[in-house]
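Dropping the structures in below, format is structure tokens.
Okay, so chain A shows up in both of these, paired with chain B first and chain C after.
Now for the complex of A and B:
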């Protein structure tokens, strides 16, 4: 029982960052119909931002998180304006190829600038964990958990309670009608991509110090983000959040009770199972075509 | 007409480049280096290459080999088996190297081995420790690193002092990790130490909390971990954050203890590591003069001291190859393969001399290096008095 509860604690902490990754991707995927293969690279970008600000410049750790969030936003907007905007009416395959190209360029760029050897970041949190009875959790991970929750709540608020969010939702439902109602579609697309990228960068910035930072860290993050989005259904923030926790839970329990060698396979097994019964994902929104 | 002239140009260019290539190879002796410079083993592979460069520069500063300069042809195998085989093929067919050093990981080396058989080119294996490498009947393999079985046998003598009763394993999920769990498991059982869980982790995995939570709940008193420094750092940090109080012993010699101290901090304190070179105490190494030269040179080049427990492999590997080339008298794969059997030198980790291992008639070479147990205590590396 103690072991199980420890697995549950691990699940919540891991799941919160998975959710962040998933929300960023589902926004871009759902609203823009762009399969963003560079999502994992924005995650790595966020982690390197923290390394740069915190280790190389020697500035405050918390400040570096904000820098990563903002830098992710700016880079996202730049990618949208330079790479995606000219291809607005191209089909989904074309933009997919463009994003694969962007991924390769970003990953090799990271390797060129930072080298292939992993970096680590020391945080102001104490190394001794918080121990409650038989359970223990590191302060850093606890902080990551709450920071992720704040970001998830903020994006939920942004989408459901602000004017920008309303415009984004309208665009998701029907781009042409939204445009006729006076919504600036170009601006909405830019903001969507910027916010999605910023969330990926934030996830990287939070997880980078927990793990190590390397140019390849984006690969596995991308893979998981796609799994979460498929699990939760396209364009659904709630779905991506629950999808994130579900994937983390499947991995924890799979590794804890079945076989650690197949840890990453567990999540994907669940996805196959869910897709068999609900091909649009757990929480897919009703879609309108046309 | 147009087609013919283009054809002529192509032929001329091909002849010219072939001529240039043979001219270049006539001036230098090439040694192929097949190491992971990116991916999960990037840190270790880069250190090995830097050690190899020190050896090559040392040889060249003393006049080179057979009157020619040594040239290292370094390729990145990306910590990926498919790439490792492709890189070996490229080194052999395009660069025409007569001998290779590589490929760091056991799975990487195993992937390269069929290429060695195909082209009959020898490879000095500097790091890999899976038993399979020298027992599968590949006569072009010459290994200077200890296989897990040798490491485990050396560990047997240390074992009584560690007072272990029951052990869980947490190993990287590849030939190296699974081989280590098997070989150490045998020795432990033979000595009456219980073996509990054998948990694995994917080589790219960053979160081992699930495996460690499972191990935390068992009645074992020790965790034996086999993986490279990046993942090991995460294992130590995550074990500490889960409040695991068990003794941690690591194997494989790729722990870079100073990097652990730097990156895992207090989480590394009190952990034991099987190492193959002890740069903290150069006077106690088998070849103090060479060790001091190597450490000085390493420092001069501004590399982190933490890398020396890994980079010595590259230094020893290239020096072994150099002695074999001198002995062969020519840079030819067959002659070097023969000469490697007669090669004898004192490396940074003891005497290097190849013994036969594997099926009769197609034995691989295996040198028997030293194994040391070190302890990290309060940010320092000590040799525990055993």
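Now for the complex of A and C:
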């Protein structure tokens, strides 16, 4: 029982960053209909931002998180304007191929600049974990959990309470009508991609120091983000949040009780099972396969 | 002229081992040929049925492992104490079994994943490939995991009346790969020019219309998946017996991407496309090797891929065909204009 509860604690910490990753992708996938293979690379990019600012420049750890958030936003906007805007009316396979190209360039660019050796970041948090009864959790992970919660809340606020969020929701529901109502669709797409990328970079910036930072970390992150989006249903932020925690739970249980080698397989098995048996996702209201 | 072109190409490529003795370049041709076979099989799905299977490397890897394990033998304990012992079989049976098992996996994956389309189909196929990779990595008793399967014997074949062949040298492997390319080409050509092929193209162009005129979409998609997976399995088997070592990295997503780049750049939905694209993209590393690190080569790959999607969305082969057709039309148009002028007065 103690072991199980420890897994639950780990689930909350891992799940909060997965939720960030998923929310970012569900916005991009839902609103723009772009299968964003570069999502995981922005996750890795965020982690390298922290490494660059915190280790190489020797600046404050918390500052580096803000840098990652902002840099992710800028890179996302750049990718959208240069690669996706000219291909706005192309079919979904074409934009997917462009994003695969972007993924290859970004991942190998990271490898070229930073080398293949994994990097680690020292954080200002104490090494000794917080121990409550039989459970223990490191201070860094606790911080990651709360920081991720703040960002999740911020994206809820952005989507549901601001004018930009309203325009994004309108574009998601019906692009042409939204355009007729005077919404600048090009700007909405740019902001969607920038915000989604920024959330992915934030997830990488938070999770990077917990583990190690390597150029390959983006590979699996893209696929996990897809698993979360499929779990939660397309375009649903609430779904992506719950999906993130569910995926983390499945991984923890899979790693804890089956075999740690199959930790990453859980996400893929979930994708396969959900798409085959309940293709609308667990929480989606609208039909989405067409 | 156009009909004769494949024969010219075959003779030209067939002569390569006669004058090219550099082992590095010969090796490059052999691995290129193996990836061309895999790209041709992907083209059947992507180009003719319009389904982007990004888990295609799974069939390649399954073919490689099935073939190698048939030839090497294994001894594993399954659940409930059931033990399976397999003595090594003749190596050519490994090739056949690799093709059959890959085809069977194509059937299962096709049956299950063609329920969804577009982005969801892509994601299911990637997930399948990743699950297979993790199984290959973790089922150490069967696959040796990251330690790799080593000392895989080369393909040997005893034909009654024709003697005994073993594909050990680079020259013989070259002809073996060329032979499999020709067989795959003929199979795919026969298939796409038949009723089945027309049905596939019909459902690629407009699925609901195809259904409304009575085409059994799932049946044809699954058929394409089985043949495509079988050919990919053949490529995987050649790969395993040529390199003599395979590890779970054969299932890496990057290999699928390599195949996709070959198909897209050459021209999806054309018979020659994967061959042209395969030759171009396999020889970029050979040319770039002296002055570019592997990462830089991959960056070039990625940029080229984006560039091709932007500039030549149909691929190289259709672009050349269009160019030739345009010139023919001009030639044809010019004399007729003359005659009409002469006729006029």
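Here is the rule we go by: the second predicted complex is superposed on the first by the 276 of 290 C-alpha atoms of A that agree within 3 Å, B and C clash if a C-alpha of one lies under 4 Å from a C-alpha of the other, contacts with A are read in each partner's own complex, and residues count from 1 in each chain.
Going forward, a contact is a pair of C-beta atoms (placed from the backbone, for glycine too) under 8 Å apart; a residue touches a chain by one contact, two chains touch by 3 or more.
Predicted model only: the values in this text are computed from it and were never measured.
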{"item": "First, second, both or neither for A:29, with chain B first and chain C second", "value": "second"}
{"item": "Which superposed partner A:261 touches (first chain B, second chain C, both, neither)", "value": "both"}
{"item": "First (chain B), second (chain C), both or neither touched by A:103", "value": "second"}
{"item": "First (chain B), second (chain C), both or neither touched by A:94", "value": "second"}
{"item": "Which superposed partner A:276 touches (first chain B, second chain C, both, neither)", "value": "second"}
{"item": "Chain B versus chain C as contact partner of A:185, first or second or both or neither", "value": "neither"}
{"item": "Chain B versus chain C as contact partner of A:112, first or second or both or neither", "value": "second"}
{"item": "First (chain B), second (chain C), both or neither touched by A:55", "value": "neither"}
{"item": "Contacts on chain A seen with chain B and repeated with chain C across the two complexes", "value": "111, 219, 261, 264"}
{"item": "List of chain A residues in touch with chain C within their complex", "value": "29, 35, 83, 86-87, 90, 92-94, 96-98, 100-105, 107-109, 111-112, 219, 223, 226-227, 230, 259, 261-262, 264-265, 267-269, 271-272, 275-276, 279, 289"}
{"item": "Complex contact set, residues of chain B against chain A", "value": "37-40, 42-43, 46, 76, 173, 199-202, 204-207, 209-211, 213-214, 216-217, 230, 233-234, 237, 240-243, 263, 265-267"}
{"item": "Partner chain A, residues of chain C touching it in the complex", "value": "52, 112-113, 115-120, 122-124, 126-128, 130-131, 134-135, 137-138, 253, 257, 260, 264, 293, 295-296, 298-299, 301-303, 305-306, 309-310, 313"}
{"item": "Chain B-facing residues of chain A, complex", "value": "2-3, 6-7, 10, 14, 111, 115-118, 120, 122, 127-129, 131, 135-138, 140-141, 211-212, 214-217, 219-220, 251-257, 260-261, 263-264"}
